[in-house]
Every structure is written in structure tokens, then in C-alpha cells.
Amino acid sequence: MTTYPIQEHPCTVLTNEMVAPQYRHLMLRAPGAALLAQPGQFFNLLCPPDDHTQPFFRRPMSLYRLEREKQRLHFLYKVVGRGTRALARMRPGDELNVLGPLGQGFSLHPNWKTLLLAARGVGVATLAPLAEAARDQGRQVIALCSARTRATLLAVDYLHALGAVVHTVTDDDGSASMPAVEAFLQGVIVEEKVDALFTCGSKRLLRLMQKLGRDYDLPGQAALEQQMACGFGVCHGCVRPFLRHGRVVDLRVCVEGPVFDLQEVMTL
Amino acid sequence: MREEDVSLSVEIGDLRLKNPVMPASGAFSDDMARIFDLDVLGAHVLKTITPQPRRGNPQPRLHETAAGMLNSIGIPSKGVKHFLAHTLPRYARYQAPLVVSISADTAAEFAALCEQVSVPGVSAIEANISCPNLEEDGRAFAMFPESTLKVMRRLREATELPLWAKLSPNTGDIAAVAQAAAAAGADALVVANTILGMAIDVETFRPRLGAVMGGLSGPAIKPIHVRMVYQCRRAVDIPIIGVGGISTAEDAAEYLLAGASAVQVGAASFIHPTTMPEIIAGLRAYMQRKGISRVEELIGRALA
Amino acid sequence: MREEDVSLSVEIGDLRLKNPVMPASGAFSDDMARIFDLDVLGAHVLKTITPQPRRGNPQPRLHETAAGMLNSIGIPSKGVKHFLAHTLPRYARYQAPLVVSISADTAAEFAALCEQVSVPGVSAIEANISCPNLEEDGRAFAMFPESTLKVMRRLREATELPLWAKLSPNTGDIAAVAQAAAAAGADALVVANTILGMAIDVETFRPRLGAVMGGLSGPAIKPIHVRMVYQCRRAVDIPIIGVGGISTAEDAAEYLLAGASAVQVGAASFIHPTTMPEIIAGLRAYMQRKGISRVEELIGRALA
Amino acid sequence: MTTYPIQEHPCTVLTNEMVAPQYRHLMLRAPGAALLAQPGQFFNLLCPPDDHTQPFFRRPMSLYRLEREKQRLHFLYKVVGRGTRALARMRPGDELNVLGPLGQGFSLHPNWKTLLLAARGVGVATLAPLAEAARDQGRQVIALCSARTRATLLAVDYLHALGAVVHTVTDDDGSASMPAVEAFLQGVIVEEKVDALFTCGSKRLLRLMQKLGRDYDLPGQAALEQQMACGFGVCHGCVRPFLRHGRVVDLRVCVEGPVFDLQEVMTL
């Protein structure tokens, strides 16, 4: 019997705890096929009804962490609207249907020894599995986590535990200002001999990483977000323009992405 | 009744389908081969193509509504040349009859496109004379009997393949439009496309969709489209393919009872991508339970 | 901004309402005085009455749908005589302007009824030229600009009271119908009535409603009716009253932004009977939050 | 401040237990105003979503029992479709919004000493509070409970506890056949000097009670069911014809009923 790579998986909520104001860590018990997800891929979650009404669309969420042997699938999410609000109310034992794994994840060239990850806010959820993969493959990870406040810095301990060198910057003390971050990352790139750049979670950070990529001639990848209906390529709702081979082409974030070559992304 | 005594096969004009379940245009592509065996379907209906390449509408293109969705995808298309060279060959591997959906801004361009796609490998042509995003304020050929008659006549002359007319719900008289399409020689009607709608963000005061208006689909519209199928069934003799808000076998059966010979599934596949195979299995179970051996016996039964 | 700095008052032609929230015809009566103070409302709109007594449609008259409902109540009416003698006096105790909804099968009967209800105690007349249950296959005056013009002219001659035309969504060209109503002298448009729909019981193969077809309302239809208000706003200069799927203050604000000067609430009141007072309070809170002092500033703002 | 007789009440599920196959007893903690309900009145329940979709209408349910001092409101219901199926899944602690009390209940003439109640199936839920009121007012109650099977006879113990004389008949042993029931009730009416008849839950039983009412010139009342949208008189969805003062009049079951004069009800 053929098994199909994309499936709906009935999962069970194990924990769904607040990790910072407005941010939650969701851990699910998931069936085996869901656990084949790769870093940078995502799932489309069927959030439960909110105040008696069912959000029509699923909600895309990046794979945050996988524990294959324990059959655990993790997400890290920000509560922003009705879907995530309803998600936030889920309790251990509740059932959650997730569709996936979806999309193209990160691809790591064998020669890349040192990876620089720059995430803003919950963007770190998307980059964390990359750090885990890098550790497993003996690569070095330097991560910059940016957030509004100290209180909303996410996953720092987890990245530490994965062996990454973690730097944090925040708006409240001015350390997350673009000039400061640029200067800091320039230093890291030069001193640590960074081989590739990865980013997720902020348009300004993305632009900065693109500039650094050009300035230091470094390859890179960015994970994007775009509203989705299907998540598997048929509706064309998530299409946006990219610069590929010198031409503007419309690509589907859900299938051709969500991870794209850093310099292809058009940020206007 | 045993499972093997149930026949799901239906006829759409000269085309016999092994079951009455197919995707709605714009909600299907072979990307779904990663999710289920596409050959279980009664037919494959592709996203509408246009003569020339077009980019479709600006973002945002999607907005969720109560039990439904608005889309203003428009018709991004790589053009017919790319379609014939690259897309069509990809579907040769499937047994399911291939239905190509086409659209154009003028009757002449429409007819030329129709001729161009009348090639081996294509089993039927679905004329999308109803896309509410294409023309200003949602105006489309299928809004009026006169324009329907005119464009469908040109299309009829342009092809010998089975020709389906996809009607618009944005009309005051769907039965008259159906009669016009039938009079022009359409082999079947697809009833219907999305309903023109819009939504406004009360925080920004701006329309939710980049194109301002978009097409409403999903369970919310099912009662409207069932009614239109019923009205068309009373007005014409050609087969009708029902579409709008179908997400279960019972929904499909409801359309059949209203007079549809087959059904298409759109938005529901986005939420549960295996909706179509589940509807096929569910229809079979429903018929066993009701002791009905041929699905064709259901067609139009509510009109009796 | 303080609560008392917010003005919810709006003008519908010569009629000033203290707030833009009123019931939709068929979803209100003084039975609701057992639930909240009816004088908080911007106006009272009564169930449509007809010249002669009529019983309305057979059971079943209701069917629930995805995020909405079908009704085939029809227009049970005790006739205008009973209305003038018994119903009208009951509403004299309220301060809220009273809007009387009327309907009839022919333009002549319609005009006669309009004259009969143009009496003290009535602040405006809403001409229900759109009830989809009244005429065969949902046909109604408001389906076409020509019939709208004709009947509205007769009504205009029959009364000096503010005259509102309640439009039908079952038309291919709501803007043209709106222009016809305006040209005939309507003081305001009510956009819109229910959408013709139907449902079939897959167990019995029979239509779910005794009258076969019925009107769809509730949140499901909101995007369609918002779009129609927006199209009418672009087409005419007279005030528009938006109705369709409104259940929250945000829904009401969405209609105002689309071009409505006031809103009506139908099906939502069945589920939460205090929806209207809650919308009034919610609109006030919304405006405070957005720093807008006069609700009239919202009207049509999405068109800018 | 005015208080309004009809309100939405936020209630909390205390218990929701199966009492027979397909039948459940729902006990809610309810606020004071809900506890003013009278026998024969009903509430309109906002059932929770079923498989991610919210039933649009509320579901009418008769008051089954009230415990004012304990702030408890009881319903007895049959699981038939999506609304009641969703209701059946509610767990203690869950919130349930009920609208009411609605409609006209039973009215007991002071002279009626002995009441005959005949209920079919879950119709007994509607008659039970009448038995309680009768007990409080020192009236005698004779109840006939009819059901398909022994297992689906409901509330018999409760009626006993209320001091009613309870007779049970069922289809499975033939005792619920109309001729048998008629003969039996004729005997009861004559021997026990019944003053008034009450019925709920079956069209055939209703017709029989109408006949007995005419034959023995006894007054009576019947509680009806009709699909409802609003439940408080504005939508005209629940209208059906009645024979009142010799004329056919259309009345709203939700406001003029659900309890009607026995002989007014038209059963065709």
C-alpha cells in the first residue's frame, strides 16, 4: 500500500503551557508519519471553535521540535487572533488534527560548518529545529534572538541546551535596534567565520540579513509567513513574488517555501 | 446490499464517469497526488487557464468568513502555451478523465482558447463564463442569458469535445442563463461558481482583500447553490454538475437529489484534503444503507 | 474619549435616529419587551403586513444551515385592518420611531396599503419589494430595475412618509435596482432581504421546508450583503440601511464602513435576543477605542 | 432597575448522566432568575459545537425539575440529532447558556383534586414538574408512563418519590397498545374520579386523551413540540393551527404554548 507524505494526523494535547505573555508551547502526542517532518517544514492546525464558532481555515505552524522516540511533536506559538486564541484554550487530553508535514524545509550544504540564525519573536520556533539538526550533524550554531522585551525572549534555554551560542537583543534596552544588530552581526560573521545565514520572523531582520549576505557573499535562507487556505499548493492563496534567476516569479509559499533562498525574497 | 452491488457510475453527456465526485476548478492540482490516489476521482478538473499569462490579484487573496471563505485569487495563469507544453503532459499518467477549465475576456479569445485546448488527453472543456473576479464589479458572461448564449455558441463551434458551461450565482435568473447555455449547445452545466462578496477590516477601515471583492464559497453557500441546481434541473434537460459547499457524502447526495448528475468539491478540500475520497466512500455507504443500487437513481429525486 | 463624547445618532433622510441599530423585519415584535427595554433601539421595524389576512407557509418553516438558517415563514398577516386597530396602538407607548413594513402582490394593492398605513404613529414605511417567498420561484419586484421603478413610483405617490425600499439579493444587478428605487423617490434603501435557498433531507428525499424554497439569513450571508451595500453606496446618494448576518458591533461597523447609515439585525436576535442592545454598547466602545466621536464618520469610509 | 422575565443564563453543568440508552439527565447550576420557571415552561439551550460545527439554532427543552434553594435546574432529554448529541458530550464544569424561562406552562384550576398525567417517552420530562407542583398543593397525581421498552421508561422513581401513583406501559409487552391504554385509562378516570387530563410526548396518546376528555367531559392540557428559531414569539417559525372558539387560528407554540387546552390541539 502506498503511503502518502501529507496526511491529517489526529494528535492528543500533552501540554499547552504559557512560556511568556501571549506565547505558548504546545506539545502533542503524534502518530509516526507526522514525525517525519524536517526542520523548516510546517503543519496546518485545525484549531477548535472559539466562542462557538469554528475558524474556517487551518492555521499554519512551524515544526518547533520533534521527539521521534517519544512520539512528541512541538509547536511554539503566539496568541494573535481567533485561531490561536482557541488553540490557547486547549487542555491536555484534547484532540487536535494537524495536516502535514508541509512545504520545503531548510537545506544544509555539507560544507557549511557555522550557521548564523537570526530570529525575531516567535520566528525562533522555525529556526530551532535547524539548530537541533546542526548539532546532530556536528555544525556550529550562533543564534541571535530578538524580541520586544526580555520577558518575550523565547526558546533561549532550549537553544543553549542544543549547544548553540545564543545572543539576545531586545527593543526595551535598545539592543535590538537595526544599527546595533548590524554592527553586532558583522562582528560575528567575521570572527566566527559564518558560512550561511538563516532568518525568520521579521521583515527588517530579513532585509538586514540580505544585506549581510550580499556584503559578505554568504548564502542564506529565510522562512516566510503568508496567509494560506490549503497549505499544499492548490489554492494559490499564498503566492507572492520572488526574484529568481533575475526574473520576478510568483511562487507558492506553502509548496515552494516556506523556506526560500535569502536573496530571492522580495520584501516590498 | 453488498458494497459491490452499488454502482456510482454516472453519465455527463457522452462521458461516463466511474463516480460522480470531482474537484472544483481552482481547488485541485496534481500536488494532491502527495495526499491520495488521484485516480479514485470521477474526473480531474484543473484551475482555469487563460490565453495569455496573467498574475492574478494582489495580496491579500484570502479571508475566512462564517462557515466559508472569500478568495480573490483571480486567474493566475501561465497561459495556454505553457499549459499545453508543461501542464497537460503531467496529467497523462492518470486514468481519470481530464477536464480543462478555460476563460478569456472576449468571446473571440475564448473561442480561440477553446480550440487550442481541444487536444488528445483532454476529455471535456469547462467554460468558466462566471469568474466573478475577472470583470469589473463581478460582471461575467454568465450573469445574463444573452451574453451566455453568445459566448457559448462561439465555444460550441470551436470544439467537438464535451463542453460544460460553468454558471454564475450572481444572476437574478439562473434558469434563464441555464436555458441559454443549453440552447447554445452546452453538454452540461456546472452550477455554480462563487458568490461575489466582500469584507472590511474594522481596524484599518480597508477591504480585507487586495482586489476589494472576492468569491464566497464553502458550507455557507450550500443552500443557495442547491436551490440553483434545483431551478436549473427544472429548466433544462442537459446534465448538471453541482458545486458549492459540499464537504460530506450527505451534501453530495443532497445535490444529486436536487438534480445534479455529479458534484465538485472546492473549499472543503483545503480543510480536509481527503474530502473527495471520503465522499466517494460515504456515498457508497449511504446507498447501501438506503438500498439503492445505482447512484443515478438519486438524480433529481427531490423533484418528483 | 469618554462615553458621553460619542454620538451614535444617524440620519435616514429626514428621520434622525438616536443610534443606527434596529431590528430587521420579521425578527422583532413587542414580545421582546420581556427581554430588554425596547426604547434603547434606534427604531422599531415590524414584520411585513399585507392588505388581506394570509396564513403564511406550511410547516416546516425553519431549517438550520451552516452559520445560518433558511426560513419559509412567508408573510402570515392579520391584514391591514387588524394592524391599524390592534397592532399599531400597542407601539404608541415607545419613543423609538416606528417603521411599518408592507407588501402586496400587485403594484396597485401595494400603493393602496401604503396609503392606509400612512397614519400618525408611523415614522417610516419599509416597502418589502423583495420577499423571496411571495412570488413563484422567488421572483419579486426588486429582482429587476424596471419592476422596482414601477412599484416604487406608485408607493411614492401614495405616501408623504419617509419611504424605504427593501431590496432583494436575488438579482444580478443590485446597483441598477438601487438606482431605480432612488429614481422613483425612495428615501432610503434597506439592503437586503434573504437569499433564496433550499435544502433536501437525504433520508426522505424531500425538501426540508414545506414551501420547498426559503430565505437564507445569518452570518453565512454577511459577505454577500456587505458587498451589495458597498455596490449600492457607489451607485446612489440616498441612505442605505445594511442588513444580513449582523451579530456583533464589529459586524455593524463593517456595514457602516461599506456605506450603510444604519443596520438591522435579524437572525442573530433569535440566538441572543439582546444582540441589539449589545451592538449599541459595543459600537460605543469601538468608537471610544478608535477615537471617533460621531458614528456618521464611519459611513462609507471603506470607499475612500 | 427593571428585571426582565426572559434572560440568557450562564449555567454550569453539574451532572449529565445517561439514565437509559439514548436518554440523559442534565443538572445545571443556574442563577436565580432562571429558577422562577413554572411547570410546563421551557428553556432554549445553546448546544455546544458538534464535530467543529455550531448548531445554529438553540434547542428547546422543558423544565424537568427545579431545586431553588440549591440553585439547580434539571433537564431530561433524548439524544436524537446534532444538538442533543453535542449536549450529551458536555462534562461537569462546562458552561451552558440557556434562554428562558419561555412559554406558558400548565395552569391548575383550584378545584382539580386528581390529575391524570399520560406521557410517552421523554414527554414525562415536561409533566414531572406538574406532579411536583400538585404534590406541593396537596393534589393527587396518577401518572401513566409509556415507552418503547422497559429500559427506556423514564422518571418512574422520581414520580413515585413525588407521591404519584405511577403506571407503566411498554410496546414490548403490548401493554402500550392504544386499546389497552384506553381501557386502562377509562378505568382510572372512573374509579379515581379524575378531574383533569395532561399529556405530552405522543400524537396517538394525545388523540386518546382528547377522546377521553370528550367522553368524560373532562378538561385537560397538552404540551406540544414544534421546531423553533427564537422561542419568544417573533419569528413565527413554530406556528401551527389550533381550534379555538370554533375557529381555526394559527398560534405560536413558543408563546401561546407549549401548553395548550387539550381540545384545541389539531393533530392532523
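Each chain gets a letter, A, B, C and D, in the order it is written, and its residues are counted from 1.
Keep this in mind: contacts are C-beta pairs under 8 Å (C-beta built on N, C-alpha and C of every residue); 3 or more make two chains touch, one makes a residue touch a chain.
This is a predicted model, so every value here is computed, not measured.
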item: Number of steps on the shortest touching-chain route linking chain A and chain D; value: 1
item: Gap in Å, rounded to a whole number, between the CA centres of chain C and chain B; value: 33
item: Inter-chain centre distance, chain A versus chain B - centres from mean C-alpha coordinates, in Å; value: 36
item: Gap in Å, rounded to a whole number, between the CA centres of chain C and chain A; value: 48
item: Residues of chain A engaged with two or more neighbouring chains; value: 46, 53-54
item: Of all residues in chain C, the ones touching two or more other chains; value: 65-68, 218-219
item: Arrangement of touching chains [line / ring / star / complete / other]; value: ring
item: Chain pairs that touch, as defined at the top of this document; value: A-B, A-D, B-C, C-D
item: Complex contacts: residues of chain A adjacent to chain D; value: 46, 48-49, 52-54
item: Contact footprint of chain B on chain A as seen in their complex; value: 2, 4-8, 46, 53-58, 99, 226-237, 239-240, 250, 255
item: Residue ranges of chain C in contact with chain D within the complex; value: 26-29, 31-32, 34-37, 47, 55-56, 59-62, 64-69, 71, 73, 76, 218, 267, 269-274
item: Contact footprint of chain B on chain C as seen in their complex; value: 65-68, 70, 137, 143-144, 170-173, 175, 195-200, 202, 205-207, 213, 216, 218-224, 226-227, 230-231, 245, 250, 253-254, 257-258, 286, 298, 301-302, 304
